[in-house]
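Structures follow.
Same chain, two partners: subunit A is paired with subunit B first, then with subunit C.
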Partner chain A sequence: MAVETAPAPVVEKKKEPLFSKKNIRTLRDPLDDNNPITVQVLGICSALAVTVQVKPALIMALGVIFVTAFSNLIISLLRHSIPTRVRIIVQLIVIATLVTIVDQVLKAYMFDVSKKLSVFVGLIITNCIVMGRLEAFALANKPWPSFLDGIGNGVGYGIILVVVAVFRELFGSGTLLGYQVVPQWAYDMGYVNNGLMMLPPAALFIIGIYIWVQRSWNKKLINVS
Partner chain B sequence: MKFLQDFFDKVRPNFQKGGKYERLYPAFEALETFAFTPPHTTHDGVHVRDSIDLKRTMFTVIIAMIPTLLFGMWNVGYQHYQAYGMEMSHWDCFVFGFWKVLPIIVVSYAAGLGVEFLFSVLKGHSVSEGYLVSGLLIPLTMPVTVPLWMVALGAVFCTLIGKEIFGGTGMNFMNPALLARAFLFFAFPAYMSGDIWTDLSPEAGRALVDGYSGATNLVTFDENFRNLPSPSDMFWGFEQGSIGETSVAACLIGALILVGTGVGSWRIMLSCVLGALFMGYLFNLLAPASMPNHAMHTPGYYHLLMGSFAFGTVYMATDPVSAAHTEKGKWYYGFFIGALTVILRVFNPAYPEAVMLSILLMNVFAPVIDHLVVEQHIKSRLKKSKLSRA
Partner chain C sequence: MEHLLNLLIKAIFVENVIFAFFLGMCSFLAVSKKIKTAFGLGLAVIFVMILTTPLNYLILTYMLKEGALAWIHPSLANVDLTFLAFILFISTIAGAVQIVEMAVEKFTPALYNSLGIFLPLITVNCSILGTSLFMQEREYNFVETVVFSLGAGIGFFLAIVLLAAIRERLRYANIPAPLQGLGIAMIITGLMGMAFLSFSGIQL
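Up next is the complex of A and B:
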């Protein structure tokens, strides 16, 4: 699906409260109505790869929130001084710098998680969500709404990641965040962990079902393709 | 039949508009049309209605599956007593198998139909009869030792993800029963492959015979095809495997019924066989002479007898919904199923059940095949018309 077209530049107003109605909407829309994964169908690859367990999914979500929020902020601050012809390169440099920061922090303080996420932290650079938001929003909006938009999209992405990871970890290994949730007596009765949940296709199934539920429940999304 | 008619007439008002159980009308309608052809008449246009509606088509398929089912029950008992080295009468074998297989069928129907009824009541459409066949196909593709809750999970997955999510019977692009099996195969590999094919419930005062091995012929095939059972054994099905898959003979009876009644497509069945034979013999030609035990040396016709090739070809590949629809497309569709099956069997020992995977893959490709066939047809007609005009 194409990235949504850039909204019209915000009309300059004297004083807009920090959490005006529009800003709240910028923050809230990507959580459900315009979710980057289930509605815009971006960033699927990492949603398949890092959602086997909840913990890496959470860390990954935090990393993406950080990157989308601050890259949006920085690009929005620079938006008048970036020549349009080289804007992609500038955007990439900003994103790459932020991703490197995330990667280094993870390596320094959470080495085991960093190993699990392996290449996928680095691949945030290529995550379509980040660049999509820069192109679609940050280049045309003021820093504060851009920052909120970045947080909103990061969280919208993170919600899906965590939901998928909860299902996959619960049914795939019977644990949540590493704690045993499915009791031993269930295993004694003959319950078995679902091996399919450990495989990437399971994430596709769960995202598919999520989209199904979301669209039959959210009236705004009906007939939006 | 009169008393049935009377009964339905008596309770019908309860389910119709304004009746006590109005919401349950789909359920009532499903049960009623189970017994009687629905009294629909056409309102405009052509006034011919074939009395072979979906429900009766499905029943024909079920009748065609009965030979494999009966044989499967007998074979379950036979393999069980063989493993303990006991000589039992055919009847005893059958009764043992009957009581082992029956719960699987009941659970499969209960779980799947439960989901269907739930959806039809929620969405207000009539219960579709598609599950009648899937509900029997699922048990036939299971090993007899499968835990019942897995069957239920598979049946729910089959109806929910395989069908309802796309809009119900006739909208699915993959064979739902096969999808259920693939789901269970990947979800619970320990229960769907390995030494699980014979029911080994203990017999008083008996121990397993020394030579007992829990391997199906496909596992044997992966190790060394020269140890395979004799072709006649594989043809009649005195071997281990899923409940319905072992006997090629029983599947052939089913194929006769399906082809005779026109419910199953003979083109698909024939082209599957041709595809497998072609690949099998091609590999025979190409097989490296320096490795006499390489799987490529397997005589081509063995592939027709091994594993579930016959079962998949007759009952799964011919599913009218998920197969190719054009006559020419059916040839390609079947041929690729057969050829792919042999390729996967020979070169990928990790997934011995190649029939399942290649049918599912070709299900995905069926619309493309149809599209290409139609396009090609249009092109050739255009060419012809241009020629005649010129």
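Up next is the complex of A and C:
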């Protein structure tokens, strides 16, 4: 049977330090200039529904960082031996295995959070970030930069998740991580929690505004779409 | 019967995959620039949805659940394979999408070309896997599963065609530069979600 292999990238012989400038850039770019959610438009899917409170958002972010980092690492290690034609299936199997690990760990040690996240842990599999980074980066790069790229993108995703969750929990229920932040006297004077923040559309508004602020700040992102 | 109709309405409007759960947002935002492509993608999603979710239901009930393997040999009655659900679900979906892709390429090449990369990407459309996972979590029976997946598919179709129509109109609107494209699409989706919230509480 004819087996097609991915075209091997030109191997650079020069040995570079573990945290060379290029590697740092790989790690840092996804945090702002190349953020997976607001710039690459990947992985909005499973993200927003878990942002009503900060705690599930943090756990979800950690899960995604774990999955992106290690799936990038594994696929990058295997990149010369995966036939191009079946690579999607191979990638899905690797991702699904890692997600199963995350899901089982959550069920065993944090059952209440696992219940709250419900199907969204499983949906990390179809989170476009993971797949997108495998296709765009891990298939053509060495394991260590791929690992860093995975961590960078996971963190870039996590930042958005936590920012949205902080806004929604603070204005929606007056708490942060479950601790009361808005003091009682404010309620006595007539302050009311914003019920809209608890509803799904609020997440979309916050991301929309985040994109607006980010692009006004960083003009070169305009019209990247 | 009323119960099933109720489930269908709920899946289409009240618990719309896009507006209530944000499932399938990637292709939702990326393919909603023209009504025609959005229409085609919506139909493909409905089709894949009602194909894969009942299939996954059968896999779950007759292969994975605790005691499901008892029909092979009584000694297998204690085997619980539900932890394999993710891997098997996604494999079913990837296979079904492959079939749809070949069918579309053969019968409607024009649609195939306009959908481009987004047809294979239905595999990683969260709404499809999400529907299967909701089916597992809410423990629907077979008929309910079929009705629920149909409703979820129609919900996605409705949402993407509506957004495409609004975005075609938006080309003539004067939007601040940093908000153009993705930003305004997000905010519009949020507004549409608020409109859909008015369906909540409807019982037939």
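In this section, the second predicted complex is superposed on the first by the 212 of 225 C-alpha atoms of A that agree within 3 Å, B and C clash if a C-alpha of one lies under 4 Å from a C-alpha of the other, contacts with A are read in each partner's own complex, and residues count from 1 in each chain.
Here is the rule we go by: a contact is a pair of C-beta atoms (placed from the backbone, for glycine too) under 8 Å apart; a residue touches a chain by one contact, two chains touch by 3 or more.
This one's a predicted model, so the numbers in the text were calculated from it and none came from an experiment.
Visitor: Contacts for A:190 in the overlay, against subunit B (first) and subunit C (second): which applies, first, second, both or neither?
Guide: Only subunit B; A:190 stays clear of subunit C.
Visitor: Looking at A:199 after the superposition, I want to know if it touches subunit B, subunit C, both of them or none. Which is it: first, second, both, neither?
Guide: Touch status of A:199: both partners.
Visitor: Does subunit B (first) or subunit C (second) touch A:48, or do both, or does neither?
Guide: A:48 sits against subunit C, while subunit B stays out of touch.
Visitor: Which chain, subunit B or subunit C, is in touch with more residues of subunit A?
Guide: Counting residues of subunit A touched by each partner, the higher count goes to C.
Visitor: Touching A:212, do we find subunit B (first), subunit C (second), both, or neither?
Guide: both
Visitor: Just subunit B (first), just subunit C (second), both, or neither: which does A:178 touch?
Guide: Neither partner.
Visitor: Both subunit B and subunit C contact which residues of subunit A?
Guide: Overlap of subunit B and subunit C footprints on subunit A: residues 199, 201, 205, 208-209, 212.
Visitor: What residues of subunit B sit close enough to touch subunit A in their complex?
Guide: Interface residues on the subunit B side: 147, 149-150, 161, 165, 183, 186-191.
Visitor: Applying the document's contact rule, which stretches of subunit A touch subunit C when the two form their complex?
Guide: Counting only subunit A, the residues touching subunit C are 38, 41-49, 88-89, 92-93, 96-97, 99-100, 103-104, 118-119, 122-123, 125-128, 131, 199-205, 207-209, 211-216, 219, 222-225.
Visitor: What residues on subunit C touch subunit A, complex-wise?
Guide: Listed in rising order, the residues are 19-26, 29-30, 83-87, 90-91, 94, 120-121, 123-130, 133-134, 137, 176-187, 189-191, 193-194, 197.
Visitor: Contact residues on subunit A for subunit B in the complex?
Guide: My answer: residues 190-192, 194-197, 199, 201, 205, 208-209, 212.
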